[in-house]
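Okay, so here's the structure we're looking at.
Order of writing sets the chain letters: A, B, C, D, E and F. Residues in each chain are counted from 1.
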């Protein structure tokens, strides 16, 4: 049983002959790139985890809008729950005009919520495929086509939640998250994907969610009690290839968007 | 399998050519619109989450009564649990006369509790539909007809609880909540829907409920221990398109209804 | 599918033409009616939730005994667990003579514990009915007959626990609790029903039980640590149509029964 | 369906014409009867709940030994887990000689552990009975016969644990506990039964166990941290028909047995 | 059904005519026998519960090694997980030479890990036996044979974990633990068996494990935070027939083995 | 049934005649070998448990890189989730050139993620094997071949997570972890394997994971709140055959890799 069927193999020495120097994709969000040690490592897939109202969508939208307006990098927004008109209206208050960017082919919006309505079992020719597998495949396929349309270097997937809830077995979820990571890693784009905190209110986490381990980096946005008020804090918990500031730092959301205060301490 | 069956599509640039400036629907509740930055964003679906006795029904009733009496906006109250006579009696103590408003066609009451008694499986022609799907469809249908009757701009659904309990799978519940949000978003009305806190007593939440993530906004009403007594606090945790005050603020319920104290700190 | 089968309907304006002014049913328990803002709202169904030994049965018995001795309102005690002789003996120490009241037709005792022994499936003619449905129907039927016997205005159901444990699905339990509330609301009596705290020791509840949301009011009895001793506290958490004092207040149980101290603070 | 098959009935007024004055069965344990307001209410079934090593068995054994040596009341010890020789050896260190008491027919030991080995399904004639039902029936039958042998007024069942673990459904467990309470209430004996704390270390309980609600009284034995050491505390949480001291009080176990210090405060 | 099939019986007075004076089996571990009030009660089965790295195996090994070297009592080590060579190497650093003791027939090692690989169902003749039952039977059989080989008075079973995990039903696990206790009690040896703490870090336990209730005694080894460092503490929580010091006491592990400091307080 | 089929046996005295003196495999990580009492005990299998971003992969990579560059010990990296190019890029920032080491046959990389895609049931000849068993077998087989290729003395498996998630039964998981430990123990290499903390933020663990008990040693890496900031701490919780410092100690990750501060206290 060993010889030919073992799917695991040592790497072939000859096919890897040079290491790659990491580069960073700046978010352009004031104060945030400082925490990140320059930006998101280019080509990596980073999780933005936040409580309700933390501003995950706002942060991701600025990542894309700053990309095409400041860094000549086009972007794709993949929405699994929010519809287009709602997102555009929301971002308009920050002066982001996704509609215009879309017309100028610097931005593409993918409405991925239809995967909710896929039938449980699909057949393609004589192959049968389950809803979960199909959802991932269809999602990847749509993302790739949208990237091609605008030559995107930045991608946002917001939120992963429905995909995560499809899996009731931990092993299946782990496998799916790893498959997703593999697919996204091959896009030659820097990816932010959002997910939802199950528990909140503390910077020392009592329960760690599986997606935090699988992602290349994790950014956590939440409110904690500081003195006599609630304070929004953002924390770069993990970032592969980066020298990050892991302390929680305050941030604010105003008409100017998100501002992170990388020098202020909150604990 | 890719080409024609992929249900996800990039948006067509031509069909979205203008962003919409957000407007606000004032609740008319003293002090509360100040927290909200003016009111509920018009057309949005906002969750009112509260512990038992927090005043969710009272807040929602004032939202409707103030609508037709102060802002020329009629309203619909969809009750999934409380019967009509009980609600009307309760609100009478605040000087709200829903019966008169109903006669004047400024208010409609929908008694939605019968969905509890729908059979598990229904057949319509040769189509079979489950109780859960039917409940959502019947609810949306009734709401639409009631809105049409009084030309309502404000809708209250109180409480979501039974609908939520129908779903035992997280994925199904997520899908149903998203479907509900989609349906409600198309009503051209501003919607408050109530749900129940599973845990209470703290403004930093140890467990976050799924409906908090799906709603466009979340308002939390509970009692916390402040010094030597319990204090009612209301908190606008999240509100799309709004610049809100996210701090918990005290509120009181008296014969004059709900009063929020937007300048007072409680932590 | 819409037209004739939709079970939800807007209310018919003509069938509700007057609001009812709320009235209160005094408990006669020293200090307690003050917390309640006068008493239990007449015709409402109120939950008494307490830890073991908190005095739920004692409070409910005084509610009934005070009813027939002080307020000319007869009462029915529905016991799902405690037998008659035990209850009568216990209450005798407070000077309550349920046996005499029973002979004088001012009080009726319903021993409902036999519903435990109903078979899982019952058939009546060609109809089949499950144990859970039967239990609720039989309970309502017995209560109605007992009310008729003594023309009762006050009813106690002590405790709900076994009924609650019959339901393992949250949706089913919710539905059953709502059905029970509907049935009890139609009795033209003021109802106290008891249930059991799953967690205790704090006035800010970490877990909220479903029956707290469904009842028209909730009274919580427990012991909390105050300084160097345990202190019994009672709290009116919720009461429809009432202006209540929601602060936890101390109470004591002595040979004179329950005394609530509505002016004393315990936190 | 109502008339003849309803198993619930209002009580017949004529069959209950006198209330019974409660009397108390002294434990004879120094300081403990003071907490209890005189002793265990005669004929009641009281739960002794304690952590490992708290001394549940020691307390129960003294209840029986004091019964036959000081109060002329014989006793029965029903052991579901500990074997006879181990119990007798353990109690010998307190000067309790159960073997002699047994020879003098003042004490009987029932080894009930064989119910563990009953087959899952038993048939008697053409009747089939499950293991759970059989276990309860066999236990009650043995207890009755042992009581008859020594004319016992005091019974100990130590511990209930295995019986409790047999039930995986809350409704079934509740029903079984109520059936057990009914059976034990008919024995004309005062009964202590032990069970195990699932959580310990605090006198304000975060999780309340079902048996605490069903028993006529509950005594809790555990260790809590007091200043710089662990302190054993005993607490009479609940006792029907009694005016008890519900504060936790220190106790000690020495060669003289258990001593409770009813005047000392521990919080 | 009662007469002949009831498996429970009152004890026969004549078959138990003398109580046995308890004696103690010294562990020989410095300071530890003082906590225990002299040692482990001879013939009892005591649980050693500890967190990872607490030194459960080290404590048990010294119990055996001290037995044969200081008290003329041979021992048997039953290992369910660690292999022989690893154990011997580990203990060599404390100067314990199990290999030599084995050659001198003062010590026997039983490698019980093969029970993991028993098939799920075994047949012996026409009898079928499940893996769980077989595991317990095979374990007891091996222990008895090893005891006979070296005439052992001390037995260690390290750890129970795999056996415990075999049972998913609480009732089955309870029954199995009681069967194991019965079997071990009949060995005429003093037995230490180890198990694993599910939660750690506190001497007041928030969750109590079932094996703690079933064992004749429980010794808990863990680390707690004391001032600015972690401190190892050992606690004799429970010990039948013994007057123990139940306070947590510090201990250390060095090349000299385990030393307990029975006079030092840690809370 | 006893004689021939009992799979458990006492050890044969003759086959073990010498104890082995433990030796240590230095990690070469500044400050860390001091905590470990010299290094990882040679031939042992040690768990590295850490929160997201703690640096588990970095620690393991330095263990291997220091091995071949400073101690003449080659290494094998078995990756179950991270791909080769990502790992090499990440480690390049610390000056580790795995690609060159690979060409020089001092290092081998095993990409084990394909075991995720093994079918649920495999057949080899007429034998059927489940995915879980196959995964373990294939993993061991690949590791052995890679060790042979470079004559490795050090092995890293990073992370165990997917393998752990494959098992939903505690007994099966325990068995699998023990089988894995047995297989790894026979490799004649010193092994680090990583796993993920389910809870974090405290050095006194509220929930202990099963793999901590099975491993020969456990190293925990996490962030705790110290004063007004988060501090990375590393803790050697358990290490067979070693005299370790069990206190949590600070560590830092910089371009120079991991530095542990073995003299600094953090509590």
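What we mean here is this: a contact is a pair of C-beta atoms (placed from the backbone, for glycine too) under 8 Å apart; a residue touches a chain by one contact, two chains touch by 3 or more.
Given the structure is predicted, the values throughout are model-derived calculations rather than measurements.
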item: Third chains touching both chain F and chain B; value: A
item: Each chain counted as touching chain A and chain D at once; value: none
item: Equivalent interface positions on chain A and chain B, same or different at half; value: different
item: Rotation angle (°) superposing Cα atoms of chain E on chain F, nearest 5; value: 60
item: Inter-centroid spacing, chain E versus chain B (mean Cα positions, whole Å); value: 59
item: Inter-centroid spacing, chain E versus chain C (mean Cα positions, whole Å); value: 51
item: Separation of mean Cα positions, chain E and chain D [Å, integer]; value: 29
item: Chain B, residues touching no fewer than two other chains; value: 202
item: Interfacial residue positions of chain D with respect to chain C in the complex; value: 1-2, 5-11, 13, 16-22, 169-171, 173-175, 178-179, 182, 185, 202-208, 212-218, 237-241, 243, 246-248, 265, 267
item: Interface residues, chain D side, partner chain E - complex; value: 51-53, 81, 83-86, 88-90, 92-93, 97, 99, 102-103, 108-118, 122, 124, 137-139, 141-142, 145-146, 149, 159, 161-162, 165-166, 168, 196-202, 223-225, 227-230, 232, 254-255
